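In what follows, chain A forms one complex with chain B and a second complex with chain C.
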Partner chain A sequence: MEDGVTATQVVFWILAVVMLVSAIGVVTAGNIVYAALFFIAALAGVAGIYLILTVEFLALVQLLVYGSAVVILILFALMLTRARERPQALFGRSRPIGIAASLGLLAALIGGIVATTWTTPATSSAIQPVGLQTIGDAIFTIWIVPFIIVGVLLSIALDGAIMLASPDEDDN
Partner chain B sequence: MVLSEFAGISMPDWIDAIIRVMFIVALMTIIAFALIYLERKILARLQARVGPTRTGPIGTLQSIADALKLVTKEDVRPITADRWAFELAPYMAFVPVFLVFVPMPFTETWFIRDLNLGLLFVFGVLGLNIVGVVMAAWGSDNKYALLGGVRAAAQAISYEIPMLLIIVAVVMVAASRLAIDGDASAAGSINAIVGDQTTTPYLLLQPLGFAIFLIGMLAELHRPPFDMPIAESEVVGGYFVEYSGMRWGMFFLAEYTALFLLVVLASSLFLGGWNWPFGADVGLGLQIVLTFVKTSVMIVLVIGSRALFPRLRIDQLMAFSWKVLLPFAIVQVLANGIILAYGGADWVVGLVSFALLVALGGLVYYLMNQKKGAGTRTVQTTPATPRVITAPEVTPVEAGGD
Partner chain C sequence: MPPLDHILIVNAVLFAIGVMGVLTRRNAVLILLSVELMLNAVSLNMVAFAVYGHVDFGNITGIVFAFFIIVIAAAEVALALGIVVRTFRNRATANVDEVNLLKW
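This part shows the complex of A and B:
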């Protein structure tokens, strides 16, 4: 490929703009349902980046998991807040603390990115696609213990949620 | 199928892509028209009527007349509706379904793209459909729409899980069968799974899988007996109650296309798609006929279920998914894992799955014939005494229940 803009770069920049705009939308939308919808747009952008990086499996899992998750988020937003009424005020008394915290995080991230020595691939075509088999082998052999622990943790959380949500049997 | 080879001319990739997209759109519209006509006719027959007869020969142009009506109808937006959510929701419900066309194998070489992760793609993309439904439900600013949308979301997410587990079970079988030829990693591709069913359709190997897939399919499509999200007598049409004109039409287009695609998927996974029983060598002409026949039989089944089954209650629906289908799906995955890991023969896999199916049927039969309130907690749907609707300051009478 010549020095000109490649198709991948064009797609990347489109995705980057979409992701940034939606990410800003998530935090600035006064309406909580809008925030959730922006969130799914940002996550879909991440899935697009995965596609560019040729890890289709992660991209699809991203859509599968977060698609449902964001719907649940919207439902909670509808049930637990008054999203229908006028937009909430975005800024409160803790605004300076928020600004300081986010600037600190920004500084830390930029510092981290600058300080890291990145290994650059020799040519742009050197990116090897990561096969599903590789991911599967890694999860179920090397990382099997963390995988099982995560599974157990999630089932405990699920059981706990059911316990909390179920009506007391004694109240009848 | 690479179109440039098919047409004998070379073209850039992006033109090829655009042609494929237009092909899908055209196909999708025709399919939706045909399905709407079929649904009217089949339902009418099951209800001892004749269905549409006036428009065109035996009513075949009825769907076109419907479409013309919808296109020319005024597109009304309620004044209190949320503008963006309301206007964008039909597209959000429509586009994911549209994308699911990509990995569907109609013959050995006729598909848009043969994705190696085709099955995951179908469910990953189809799941986004529900975002559009929830957007419509919330954006309409209508209590019935919201109720329908919340029901649809709960239903879609609950039934996705047993369906995905069953897909895992099917892929396990497919992978171990394909591994004999040395290419187990292709088992995520729908076309490869169809390709493996030359002699044995997976219906024989995974009968329980087929049953759970059918039930989950009806639930995902909001078809009776699982049509609580769009039940006219309960939520007056559900999440699209405020829609009219072409936006309403897009929800219906999405629904009928999803019906078609899931039926194609089911016939590919369990009935052998283009392959069984004639094998891959019969030529494309017969393969597409085979796909057509299998798909049609299943479509008649799905449409007929609308006239044959009464509607469930929403709590029965959720309980059935989480307490019956999900455990059975997990047991199926475990059983497959154990049998295949110890190199069990195909008939062992099929027999165990069939035994599980019989157990599922027995359990459902037992639950249905149970005396009311014996094992399940009864949910009181109406207050014990009628509420006074005209006087809002009177607090509702204790609703009973638990």
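This part shows the complex of A and C:
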């Protein structure tokens, strides 16, 4: 199956196009709520590519954490900080410079990728799927200390977020 | 499976789109969304390297890194949105170019 275009590749390119078009929607949409909705589509595309790469666990975590929790937080923040008085310019004055800089970065990245010889398995059938048990073994044996540290970091960060967003007692 | 360099090129495009959003948007929440796009591109890259290399190299560190990136991103979003809500309460704006209290 290494010759020609396989069904997996077709699905990959469909997902990639959906993901990239949604990402362009995120950075160019004129309405900030539309930008958040495009962001959900882009995240779903990323989860689909995780599925194609045989990492179902990450696809699930992506949909649960990003697709629901983070997006809901962002929608709340958008609604809480909606400026009421005047329609606002959504783009800064340096927009042409930003577009040019990102296109330059894209050219540099693609040039580097094309110029490199990747030592991947010659045939796609040599790629083994990564099972959930393998990931669990890695996280809970080799990476157990970083895992605990990142859990502590997450709870400290969430406490800090609550403290930042809660009103002062002497405000009212 | 698509070839590795196709995945890398798609991720490079996604990363560049995120950079464009960070450099052109004014609203702090939309800048945060663009940063999330860049984070997703990077973790997708790491997963691609891990999946294509774990037979030869015998480890899946890239996948574990992607998992940690998702956790860190959740913490970062919560903190950043707390700061944005706080700034909006004090300065009545969520645009990064109008928050110039510390600008000399």
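Just a few scattered comments:
In this text, the second predicted complex is superposed on the first by the 130 of 172 C-alpha atoms of A that agree within 3 Å, B and C clash if a C-alpha of one lies under 4 Å from a C-alpha of the other, contacts with A are read in each partner's own complex, and residues count from 1 in each chain.
In the analysis below, a residue touches a chain if its C-beta (ideal position, glycine included) is under 8 Å from a C-beta of that chain, and two chains touch if they have at least 3 such contacts.
In this text the structure is predicted, and so the values were computed from the model without any measurement.
Judged by the touch definition given at the top, the superposed model places A:40 against chain B, while chain C stays out of reach. Once the two complexes are laid over each other on the shared chain, residue contacts for A:68 go to chain B alone; chain C is not touched.
Contact with neither chain B nor chain C is seen for A:148 once the two complexes are overlaid on the shared chain.
Of the two partner chains placed by superposition, only chain C is touched by A:95; chain B is not.
Once the two complexes are overlaid on the shared chain, A:14 sits clear of chain B and of chain C alike. Contacts of A:138 after superposition: chain C is touched, whereas chain B is not reached. A simple residue count on chain A separates chain B from chain C, and the partner touching more is C.
Applying the stated contact rule after C-alpha superposition, one finds that A:50 touches chain C and leaves chain B untouched. Within the superposed three-chain model, A:78 lies in touch with chain B and with chain C [touch as defined at top]. Shared interface residues of chain A, touching chain B in one complex and chain C in the other, are 61, 70, 74, 78, 83, 167. Chain B makes touch with chain A in their complex at residues 82, 84-85, 115-117, 120-121, 123-125, 127-128, 130-131, 134-135, 138, 141, 146, 150, 153, 156-157, 160, 185, 188, 402.
Taken in their complex, chain C has these residues touching chain A: 1-10, 12-30, 32-34, 36-37, 40, 44, 47-48, 50-56, 59-61, 63-64, 66-68, 70-79, 81-86, 88-89, 92-95, 97.
Within the complex formed with chain B, the chain A residues making contact are 33-34, 37, 40, 56-57, 60-61, 63-64, 67-68, 70-72, 74-75, 78, 83-84, 131-133, 167, 171-172.
Contact residues on chain A toward chain C in their complex (touch as defined above): 6, 8-9, 12-13, 16, 19-20, 23-24, 26-27, 32, 35-36, 39, 42-43, 46, 49-50, 52-55, 58, 61-62, 65-66, 69-70, 73-74, 76-78, 80-81, 83, 88-92, 94-95, 97-99, 101-103, 105-106, 109-110, 113-114, 116, 118-121, 124, 126-128, 130, 134-135, 138-139, 142-143, 146, 150-151, 153-154, 157-158, 160-165, 167.
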